[in-house]
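Several structures are given next for inspection.
You will see chain A twice below: alongside chain B first, and alongside chain C after that.
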Partner chain A sequence: MAETSPLTVFEERQDQIHCTGDGPFEMACNRDSLAGAVSQRACVFCGSRVVLYPIADALHLVHGPIGCAAYTWDIRGSLSSGPELHRLSFSTDLRERDVIFGGEKKLAAALDELIDRHHPNAAFVYSTCIVGIIGDDLEAVCRTMTEKKGIPVIPVLSEGFKGNKRAGYLAACKAMNRLVGTGDVTDISPVSVNILGDFNLAGEIWIIRNYFERMGVQVVANITGDGRVADIRRAHGAALNVVQCSGATLDLAKMMREEHGVPFVRAAYLGIEDMADSLYRIADFFKGIDPGIVDRTRALVREEVSALLPRLAEMRRDLEGKKAAIYVGGAFKAFSLIKAFRHLGMTVAVVGSQTGTEEDYAELAQVTDPGTIIIDDANPLELSRFVKEKDVDVFVGGVKERPIAYKLGVGFCDHNHERKIALEGFEGMYNFAREVHASAMSPVWRFVPRREAQNRAAAKGGTAPADAGSDAPAPGEANIPNDKEAVA
Partner chain B sequence: MKTKESFVSTTNACKLCKPLGATLAFKGVEGCVPFLHGSQGCATYMRRYIISHFREPMDIASSSLGEKNAIYGGGPNLKKGLLNVMQKYGAKVVGVASTCLTETIGDDMPMIIAEFRREFGDLDLPEIVQVSTPSYEGTHTEGFHAAVRAMADQLVTDKVEPHGGVNVMPGLASAEDQRHLAELVRLFGAEPTLLPDTSDTLDGPALMEYERIPSGGTPLSAIRAMSGARGTVELGRTLKGMRTGGDGLAQRFDVPLFKIGTPVGLRETDGLCAALEAITGAPMPKALLKERGRLVDALVDGHKYVFGKRVVVYGEPDLAIGLTAFLAEMGAQPVLVATGAEKCGLAGHVAEACGDLLRERPEICEGVDFHEIAEKAEAMGPELLVGNSKGYPSARKWNIPLIRTGFPIHDRFGGQRILHMGYKGALGLYDAVVNAVLEKKQSDSPVGYGYL
Partner chain C sequence: MLLRHTPKEIKERSALVINPAKTCQPIGAMYAALGIHGCMPHSHGSQGCCAYHRSTLTRHYKEPVPGTTSSFTEGASVFGGQANLLQAIDNIFTVYEPEVVAVHTTCLSETIGDDLPQIRDKAFKEGKVPAGKEIIYASTPSYVGSHITGFSNMVKGMVSCLCEATGKKNGKVNVLPGWVEPSDMTEIKRIAAMIGVDITMFPDTSGVLNGPLTGKHRTFAEGGTKIADIRKAGDAIGTLALGEWASADGARTLDSQCKVPCRILDLPIGLSATDRFVDALRIVGGTSVPAELELERGQLVDVISDMHQYFYGKKVALVGDPDQLISLTEFLVNLDMQPVYVVTGTPGKRFERRIKELTADAGFEVKVKAAGDMFLLHQWIKNGPVDLIIGNTYCKYIARDEDIPLVRHGFPILDRVGHQYFPTTGYTGAIRLLEKMLDAFLDRKDRDTPEKHFELVY
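And then the complex of A and B:
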């Protein structure tokens, strides 16, 4: 395989990169990050934090040394319509003394102090790598504090090294599951849902809730965007769980199905088709007890889409034929994005994710055009190489990918947890198109070295190669200059 | 002075963790890849944090320890990681910093690295610098200085022929600061060697090819030649009590060492110029005299706007000391100087740097977080905040201007190009302070004056 794979930068990663159309599909994923590579991947704690933090009236205390908490202080645009406790960064800031003698006392004292100060409706205590090593009994401390303070104090077993982000999702779901089933469900409508897996970035969950309300569906709990402890406690009273995203909260939906008999459907809110499909799926579920819901949903979709399409058409005129690269956290987002780009007349040349499963990648291979690069847990070298090789116009990724795109003179859209623009729902599709348009159509790309070279070559009469200035990579080799040139 | 005993918990820390500082220092060496020995998450978080400030690529490799490694030791992963970084990135230098995890499980990094050198001695190995940076003691500032010291100790091994160069240890300085420092040394007729120098690696140009390791940084050869320099200037008053990279060069190679304050404002910059005069023997350059003159002229022109303004300064201790001294020079009244770092002698250094300029002593706080800073400051009725972008929630709450300085700046553009140092830097800061005061006055006024 080594000599036939022109795609690798690190040999060990050969089976984490696939090119659509290149033989049978076979990819390894969800393996630990390769030592020494600069992975874009995060840790278990990061996964848990991403899921739970938007619960705005809970105290989120990171039990560990300062960094883990400091780097996650208010980094996401998860909005709250009320309390904003989640925007503060709480840490036990463990010191050498605590590492030697154990951090349990300090943890209890910190909880005491913070719960008295902020009166949260619940507290989540996140364990970090060190805590896993020094062996603090989080469970015991939390139990004592629950009794003492009269609110649920819940440990989140998120020691960073015990897996990747996905393990963190599971830990978060387990933590939330302790709340579910403890609240009063008497006034809940039979036509009701919980929204799972939306984090209300830039107010997105409000867009989705608005659609549901127009359909006549009651939303019981937001899990977790603009989330509240009391809502989660009574979430088992909802008739249906609507789960977005392939990983983050699926575990909770499964737990709730098993323990409370609440069924779930999958949903995706990015792009026109996925958004509409999701609404129809929910209407379908409830049409037995609420026959009018199908018509109401149809009317809603018609209204929204007919308003949206003409506005998209304007931008599509400019974007037709341009190429995109996608690198996102969960693979589910990649599917939606691929479709969204089709609406803009664009093709997807590179697509990857941090936490996709083998099935995800197999499906990606099916829905993408031949020649599309599919990649799991990419590092900057690989990303930059494929972006350049495929000569993409716009890169969609997170904040860590932005400088890679910009250095090479490629447009960029932030599609990660830190985005401040709502991209979900029909209006989100418009915002997305505008973002892509603003980046792809900017005149600045003309001045970046890569394009200048292409334009120079074109002006000379020849047709410029896609990646002017570099030779095609030799088989089995990375398309990067050799060591001497690179460090000269 | 108060240290933090008042609260057990930390809310909105006014510090970052130690390895982050080390990675920033390593980033300033040519061909160097910063490498964290620990689990993957720390490296990814730090990258994200740093990238949000610089908007530049910042690769940090990691030994990506998993659960098994945490139990049986991370040695094999560290070695494998080193091999990868060297083979795939073509690293000439690898700067390895430990993390809380590997310190806690007791990995003996020097031993593992020595083993690595033995096992793979037949290969063209990069220089490996290693530094111990457990975050449960010390902050990113200390991690930065520890990495600088490690580089000086481990890379500068032999006395070279004396040359006319000047070593500069800039501390946590912006890219613009570093460029300016180099320029200042050249104005005194000498060649500077900055350790580290991130002015290109973290503020580089648009490129044709993605560089595995961004060009720039101090070349290894220049670092080795630091033993033959005419002198070393080390910036940061808090370094006075520590054993630093400059101390090592002085003790081992007799390179005269000048430990001076971070040159922010008039007198601290005078201190830098005096040191450069002493090292090079060259008189103060005319161009600099003019810059100094312009600064003094500006201070006169603007003095009424800023006199007595109550200012809260926070952040990295050495920058905070410099900024406080400068605020004192312009006639403002620093009321609170705060940092998340501990045992850095902040009170003494602020008092020394401000001399007899201040009519009232500011309250000094070490080891505090933003919760305590806000709590204390609120009672003081501050009119201006000076520090990194993390003070913004307070500025917003109190509806007062925040002059953004230092690291990180996550809510504005161009943080790496803020010039704090030298007369020129002071002048820019002064403009920013005066204009912030004017803008506030203008927008609060019902009249809407067009001349201010």
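And then the complex of A and C:
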């Protein structure tokens, strides 16, 4: 069975895995998943849906068979401070008849009814694989409905087979770009930003908005966490776009720069340095017109960090020397996580992403310690092999990785869309430390096979250490016996 | 109010589904395939489908779920997916070494017209399938039926691709369990063993999706029905198919293919349906019901009698899959409860007829809808409240908004555990259902009763 071949890596995938310090950096990525691989990746539709869905006062209609709507029904905790229309699942539920005769009439009827009942401020219509095949003219239906209903009805060209999640991000950005530039910008402060690429998981965008407000920066539009159509329509009035998440909304920032002259800066809200750097970068941008902003920002960071550090130190006491593996969607998160783990005294032994670019991976190779495994579009066999080989204590990943980590007897932190606690900002850093602590230090790992031999040894010595997981091998010492055990 | 956008006024809808009470075929095919030992489910379509199915099953079971995809691109959608599938089959057998690959289609591959039997033949001819290994397949277009249809189609695929009749009966009885939880599959095997009937059950996800923490990641778990056993199902003396919607097609195919007579039964959920299952097993196996099972039945009737006043007249909204709802409706009527609203997302008028039959003499009006959705159910509830909702996790929006207790049952359950380990089938499973419903009613009573009427003992 597969247990006999944990070391098999698809030959075609060799160049999507790199070990820091092993020869020159050269890595393939942004490549379609190999047919037959247990890929952790999703499709174009998935990418579009996750970007747009947090716009809470828009109607989100999935034009396709029921599955595409059912599997994306409120699975992300993108919170709204007002309307909750985004939490409903709307689908044209295409049937065999529609596939044969076309689904345009059904789509128009659905939009007609939904817009009349819910009075959304805009409607997004997502196309799916089947729509791309049967050739429904989404543009035409949406144009007609826009005229008829007086709200923007926008097609999202997200046929699943037309690429991976990144292509979906682009389709979402193109859809949003149709809204940008159509709203009134008269009362917008010259010290103002849009927040791009934050989806308000567990209320995170509220933390970030609060920082900006304390700095004296007006937030025009959240794109898209707790997002509103009217805000996006006037987003071009903001002085600056602050873009988080390397993949999801960067395209929109580029479009806005080109069409409306709005510059953008990259930001990351995870971890102390990245959060502080992001705030300083914004302060720096505005210091010409608002000289006081630098001091206000410094005061904010000082206040937050001095409250945070003693609390982190408590966590670090237990976590020092432990090892982490990271597998995330966008590579930007990996950078922040590597730094965040350093604050906890932890090293990152394995790092990978679903959608990283060549530059991302080159940068990862720069910032990681020798021996770190860097991997693009990993499959579970590869992930579990490296997690065991490196004997990690905590795995950071998403829904599909969680049970793999647990089966191996390794702690887990959901850094993906299923996280239930805010991980952004300074208070998010504390939450992250707590989450890592909760999982890495859980007593449950004492009862799992991976640690049993170590426990027995400890018991023989007479006193079991309070922390049964601290006996990791020395750095560089490959944990081969574990793997042999797995083979047997 | 999360669902504040749901108006009380009900209007006929023809063009859309809101808050679905179903999903699409392929995930059912994937779940069924996981019930074969050493089976790699393969999704012949874009990679999103496979990712969604695996994620949903993982959320429901808290287990890793293997599954591969043909990773369709634009080219494959124009020129057909044969090359992708052949390459996938080659890769899967090389790297993951499964016993069998279970291929299901998606809306995409169905519509472009990929011919699975022909591609399967080609894979064998080109030597991409190692000796002794198998490929089975099912056509599961997402725009027909529901996830239940997909499950049923994959069970049928197991029969048509694997079952053979040697002409010599082997004395065994096939049980097709329907789309039930791994815990239910264990329970069904336990009941058969108690009665002394030698069964082959397929699929069987026990030991696959409720496995132990072993410290190892294995692509394939210990459990699942062995390919060799499914092959021999063609020599069985009979088949009991549990659940018309999920199992009947497979059983009938086996009958016509290998001349194995079948009986279609309701899922053994609740007293009467379990009685019929036990009786059918006894008859087909030529055995008698043992005292231990009589005892379990007696305990169930005892609990019902002890607490029947708390069930009396309780109005219940049921939403889920047809086979489960049919048995649950019958059970609730037996308990003197009133399943006033019954909704499934799976299309089929005969479901509505069956529910009407089961409630015909019960003395209350029942609203039933096939191809319905949770938006409609919520509207019904707004127009006439109920005491309890039984359904999957998505019911929690309605339960919270309307302040109605919820017993989770069905698929998916994304926010609780238990379904993997504790069955609701059989007599003890029925006791568990009673316990859950009573907990819901009595916790509510303890919460809501004014202090001066508060009671210690029920």
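One rule holds in what follows: the second predicted complex is superposed on the first by the 444 of 488 C-alpha atoms of A that agree within 3 Å, B and C clash if a C-alpha of one lies under 4 Å from a C-alpha of the other, contacts with A are read in each partner's own complex, and residues count from 1 in each chain.
To be clear about the criterion, contacts are C-beta pairs under 8 Å (C-beta built on N, C-alpha and C of every residue); 3 or more make two chains touch, one makes a residue touch a chain.
Keep in mind it's a predicted model, so treat the numbers as computed, not measured.
Taken together in the superposed arrangement on chain A, chain B and chain C clash. Residue contacts after overlaying the shared chain place A:171 against neither chain B nor chain C. In the overlay built on the shared chain, the residue A:201 is in contact with neither chain B nor chain C.
Applying the stated contact rule after C-alpha superposition, one finds that A:422 touches neither chain B nor chain C.
Of the two partner chains placed around the shared chain by superposition, chain C is the only one that A:85 touches, whereas chain B remains out of contact.
Shared contact residues of chain A, touching chain B in one structure and chain C in the other: 10, 32-46, 61, 64-73, 75, 88-96, 98-99, 106, 109-110, 113-114, 129-130, 132-134, 160-164, 380-381, 384, 399-400, 402-404, 406-409, 448-450, 486.
For chain C in complex with chain A, the touching residues are 1-5, 7, 11, 13-20, 22-27, 38, 42, 45-56, 58-59, 62-74, 76-77, 84-85, 87-92, 94-98, 106-108, 111-112, 141-144, 146, 211, 213-220, 345, 375, 394, 397.
Taken together, the chain B residues at the contact with chain A in this complex read 7-13, 15-17, 19-20, 30-31, 35, 38-49, 51-52, 54-67, 69-70, 77-78, 80-85, 88-92, 100-101, 104-105, 134-137, 139, 204, 206-213, 371, 390. Within the complex formed with chain B, the chain A residues making contact are 9-10, 32-46, 61, 64-73, 75, 88-96, 98-99, 106, 109-110, 112-114, 129-130, 132-134, 160-164, 380-381, 384-385, 388, 398-400, 402-404, 406-409, 447-450, 453, 469-470, 478, 480-483, 486-487.
Residue ranges on chain A touching chain C, taken from their complex, read 1-5, 8, 10, 32-46, 61, 64-73, 75, 83-85, 87-96, 98-99, 105-107, 109-110, 113-114, 117-118, 128-130, 132-134, 160-164, 380-381, 384, 399-400, 402-404, 406-409, 448-450, 486.
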